[in-house]
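In the two complexes that follow, chain A is the common piece, with chain B as its partner first and chain C second.
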Partner chain A sequence: MKKFVSLIATALIAVGLPLAAQAQENPKTIRIAFSSAGVGGKPAAASGLLATAHQRGILEKEFAKDGIKVEWTFFVGAGPATNEALALKKIDFATQGDLPLVVARANGLRTRILLTDSRFSRNYVVVPTASTIQTLEDLRGKKITVQKGTAGQLTLNRLLTQVGLKESDLKVIDMISDSQKAALSTGDVDAAIQSSTDLVVRGLVRRIYKIEDPKLQAPSQVWVAEEFEAKYPHIVQRFVTALLRESVWAVDEKNRDELFRLWSKTGNPYSDYKEDFKGWALRDRLNPLIDEYYTSSLNKSIAEVKQFRFVRRDVTADGWIEPKYQQAALKELKLEGFWDEFDADGKRKKPAGK
Partner chain B sequence: MSTIQSLDKPLVIEPLASLLPRISIPSLGNLPARFGRIGLGIIFPLLLLYLWQIATERVWLPPQLLPEPAFVWETLVDMVSSGELAGHLAVSLQRVLWSVLIGGSIGLAIGFAMGLSKTAKAYLYPSFSLFSQFPVIAWSPLMIIFFGIDEALKISTITVAVIVPFAVATYKGIENVPVKLREVGQIYQFSFAQTLWRIALPAALPAILGGVRQGAMQAWLALVFVELLASSEGLGYLLVYARNLMQLDVVMVCMATIGLVGLIFDFALGFIERHFSRWAPKGR
Partner chain C sequence: MNHPRKTVLAVAIGAALLSLAGSASAAAPSNEELLKQLSALKATVESLQKQVREQGDALEKTRENIPQGAEIATTQDVEGVRSQLEDYKYDSARNREYKTALSSRGLTIGGTLTGSYASSTEASASTANNPRGEAAETSFGVAATLSFAGNLYRDYAEGRNLDYRLAFAYSNPKLANNGSTNTSGQGDSVVRMTDAYIQYKVLPDTGALEEPKLTATFGQQKIPFGLEGQVSDELKPTVSTAQFLGESALKNIGQRQIGLIFRGDLWPNADYGFNYRAPIVEYAFGVVNGNGANTADDNSRKDYLGRITFTVPIDYNSWFRELKFGLSYYDGRKILTNNAATPGLVIDAGKSVRRGLDISYNHNPIGITYELADGADDELLTAAQAVTNKNTKRVSRRGQVLTLFYNFGDIAQWSKNLNRVGKFDDYWPTTSQVYYRYDTWDQNRAVSGDTSLKQTIGYNLFFAETTKFQIGATRTQYDKGLAKPNAWDITAQFQYGF
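Then we have the complex of A and B:
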């Protein structure tokens, strides 16, 4: 008898679940956040897939037919500000660098990672032109500025470790990107990590180190709040599919100039992006895959965040990445194999047989 | 019933009124005596602590933004035993010490000048009144331009906050030196130095110490603001940094430390002030 009841119950659930899934509810708005803002706080972002979708209004188009509004937020306070907003349940999707991402998880904020937003970015350690600093070792005892709690701080720690230094061997001052540029120009700080070209062109700073090694920097990612995903999985799917469809446009080399022009709406010069992407195929930089490079990079970041004592609680990546939306989208858009996978060292994986 | 009675016959109120204080005042009056004012003062913080505990248990705010008391305590113990807290506190205290020394000297000089010399007062007072109107925050943009973002910025900004209370207290203290004492000085034909050392200073000391206390408090408050600006160490810095890493427990430990140190300052300086007030001349 018991068996019979449970059988019926199972059958009911089996029938009922798809029915429930059909009667899907839609959210009124989708709230998306960038852990960055343009120059002077301009509401614009750059260098990634989500930023491109924002500039081209792709998601608005996707959701307009259901009357779902898309809201964008740009945090000058970067990743840490995104985390506060997430804790207050004010955002559903966001892009973020690795340090705030791991900090959030360590503090019990629940997200699911959907795709890579951008990878292999270039950065430079810059010093005022007149400075005597020539190498990373020379940074000892000097004042360097970084936006604390952002991926930049983790990158700085990795760099310092390379030359046997720690943060405490330097004076590390917290500044947002705009202030960093101002402080570099006036010589108020001795160094910063910057990718922008304008200070270089104006002869105000000199680059002493190129950060290009994929192990020094982690890719940025797009995540969805776990609560939102549980409630509206179909919206998450449409979000990911729309983004990947857009990615095909974004990585088309024909659109390279247009892409950089869109990004320069942040107030950063077009030349920044042109130089940053020089020698790179768009398809490799704007690679949304959750491949071996991504997962190993995430695990490395988790270990380093603990090692550098940015968090005190343990963090696990179990159940954090949710690749199913991406896989379904790739299948639907017939984009399987469109992007190359990269291995843990950031090297291209050669497909078998080629 | 009783209200009607009391309304009709005012006489009825009298026993009631005399009853009430007999019940309430003795018990309330004994409590401060037994536990001291601290005992009563601790009730409100305890209630707050209880509210905090309830708030975290029932998750009125996300735990990421409001960590539970036990966790904050753990953090406090951690930060004390690792010496981290002491390190930042030392940096902050050093900044305050320098500022109080520099700002205090300037404030004393201005105060003495204005108090002792009518000419000096005529020259200085208008400018000084204007100067004392600006809050520390209003100074910070100018200070950054003049002093950069280093220690000089922090110390000079806090110094500005210290000068005004020192100068005002000193000036008032000297102005209020009893005329009789000054006359005695004149009779003995005291020199300027003697007037200053034997009459003005001792008579004005309690007031000056009041200024020291106020100045030190101002310095402490300004410090936290200044350290938020651009620093790599100190309590104010730690506060912002911890917020960036979502370590609200550390933020709370910092706030508690800032509050406690401020309290200790106030208490210690208040004690010294009272000690010297004992032999202060009372007559005018």
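Then we have the complex of A and C:
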């Protein structure tokens, strides 16, 4: 019997030691990508938890003690550029909108969704001031610009569907955000979807439609490359825990002013963020939960991406979302119940236990 | 801020009372008149109170919008900013006039400078540049190109623009591979014009990935034949060019020609999820002089060319991405001259046909290219053939090149997605590349033992947006029929663009 126990123990040690060693293995660098860049290509992002963590150096502090370097990339080419970087195994974590996220999965790129980065954003359909366009219906036959392949294109399709239009009823021109502003200023395009106020205050455009229905826009999310997650689960846990710890600071209303100041390093004015977040509690907009609103929104995006023929293949959300890191972090940080959950319609659920 | 308004109110009331007192002293009003005046005074006071309230509310709203801790700009502050803005406008206008190169149309100036070192064990023949004819030689070299490109007409609505390009190249004849394939072999060291053309976008080009494209280019330009003569370093990692484009009879397919060429594509496969565009079919056809660059045609017959490629229509993340098959054809005439006299006597216009097959697989970080180029030329039976003898012979030649390359590092050199990133400094992703090339050249397929084989290994480092370092070692093996000893060549070069 002793021999048998000894044999089992030896076997366990033999199997367990390499596993333990593997668990402790750290990457030299953590590569994080934003599917955006600041005005004129500034290396900065805004309006989300990851952007705030970047501005405040939270992840650098978290991983410095182990000598792990944190590299940030800001893709002007937005979500499609992030997808190419993922395909070439050049990034480990990223934040992305729904359309490129779903297209990537349809193309076989493997990621695990960790948490929501931001939600309930507010955008506007804008037209040059002198334009005769007054309503969404008036867009028929007009030139509208959007950065194709990004979440903005899916939002545009949802909007058009509301008024019985489709992309082919308009001329949709592909431009990055900076180019969109230039084209609106010169009147080379008839409309665009923008959140920024700079053209409005200069009197160059006027807003004809406010997009704030939670069903018209999807939350953005933070994901990890599946390969990285499989190799460094302990790093993924630390990453998520650090982000959630940071989000407590970010959603504190006392820090609203400081938060907007940090985000204005993108080159977008402070007033943009102030207006965008007006009437919203930070805690709701920067809600990291994978709640019913998030999952139903993701499933809706998957269906719409197919419906609007952005992909031919079927995509499923099965096994895509990995909530265990968030759950462990919430428990460790004693933040269970800190954020309210929202239902599929984007309406607040009663907080658990109340 | 409330204080001045209170003062105004007090003054208004005071004035009203004085007015009342004044009228009282002039003639005693009746009680009814006094009541009326008091009523009017009350209305005035209430109106003023309302104004003050409204202004106070507006001020409160303004205050609410001021961030905590923010300082309010004064008139003097605003004047200061205005003054700085005026200074900036003055400087900007002055610098534009005196310190900025201006052109009558939109212009982009570009170019490359190349510094190189070449070492060869191959004996060189005696030339004007190398009178002794060394048994082995080494040489430093320089080359440069300068280009001017821009727009002559911009179509804002549909992008049917008319563009131009003018370019020049300087090359040192000792520098065998000067990065300007189509200008080599001139044996001089002068500046020559390379590109000189205008290009019109026949089909609308608004930047949409799913739109087919068609351009018409007129002037002196590279011709669309195969890979080696026209592709950028994305598909051609080597410093040197293939043997069949060297000092051989097939070199005309790598030369620039003067003429009109249409280039376009059909059924582009657009994958917006990756900002990826791959037309299923690309085509080109045109008519050119056929006598090379910077010279008039030497006969009345034009040369015709065509090329078609097929790219496998798959999504970006497929293993078959950028797998492309191409066919090229060039049909020309060349003058056959008798060497018995100076200048040679023209005997005939011989047929000169080029056929090409190429396959490329550019799946970053892996790349493979294969190209086969066949040439068939009418030639005189002897160099001093009698003018009355119109008989010719057909000589067939064949070159084949296989290139394998692998990129590592940031591997973003040729990706517009990965190298367009937000940055403050002059950051540029670094890409390294290793390659191997197998290059054979059979200068007469009817004759055996006249084939040469070049095998090259090399390394390229792209460390800035337009700067690269390249080094390659080539082993050349000649068939016995060529009676030349095998050789080693090493070439290293820096090429920097601006």
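Brief remarks follow.
By our rule, the second predicted complex is superposed on the first by the 330 of 354 C-alpha atoms of A that agree within 3 Å, B and C clash if a C-alpha of one lies under 4 Å from a C-alpha of the other, contacts with A are read in each partner's own complex, and residues count from 1 in each chain.
One rule holds for everything that comes next: a contact is a pair of C-beta atoms (placed from the backbone, for glycine too) under 8 Å apart; a residue touches a chain by one contact, two chains touch by 3 or more.
Fair warning: this is a prediction, and the values are worked out from it, not measured in the lab.
After superposition onto chain A, partners chain B and chain C are found to clash with each other. Of the two partner chains placed by the overlay, chain B and chain C both lie in contact with A:Val311. Looking at the shared chain after the overlay, A:Glu275 reaches neither chain B nor chain C. After overlaying the two complexes on the shared chain, residue contacts for A:Met175 are found with chain B and with chain C alike.
Once chain A of one complex is fitted onto chain A of the other, the partner contacts of A:Gly38 are limited to chain C, with no touch recorded for chain B.
Set against each other, chain B and chain C touch different numbers of residues in chain A, with C touching more.
Using the contact criterion defined above for the overlaid structures, shared-chain residue A:Ala104 touches chain B and also reaches chain C. With both structures placed on the common chain, the touch criterion links A:Asn83 to chain B and to chain C.
Listed for chain C are the stretches 259-267, 331-339 or 457-465, of which 259-267 clashes with chain B, judged after superposition on chain A. Touched by chain B in one complex and by chain C in the other are residues 80, 83-84, 87-88, 103-104, 106-109, 148-149, 172-175, 186, 188, 310-311 of chain A.
Residues 65, 67-69, 156, 206-209, 271-276, 315-318, 364-365, 410-412, 415-418, 420-424 of chain C are the ones that touch chain A when the two sit in their complex. Listing the residues of chain A that touch chain B in their complex gives 80, 83-84, 87-89, 103-104, 106-109, 143, 148-150, 171-175, 183, 186, 188-189, 310-312. Chain contact summary for the complex, chain B toward chain A: residues 62-65, 148-150, 230-233, 237, 240-241, 243-247. Residues 34, 37-38, 41-44, 73-77, 79-81, 83-85, 87-88, 90, 99-100, 103-104, 106-109, 148-149, 153, 172-175, 186, 188, 257, 260, 270, 274, 310-311 of chain A are the ones that touch chain C when the two sit in their complex.
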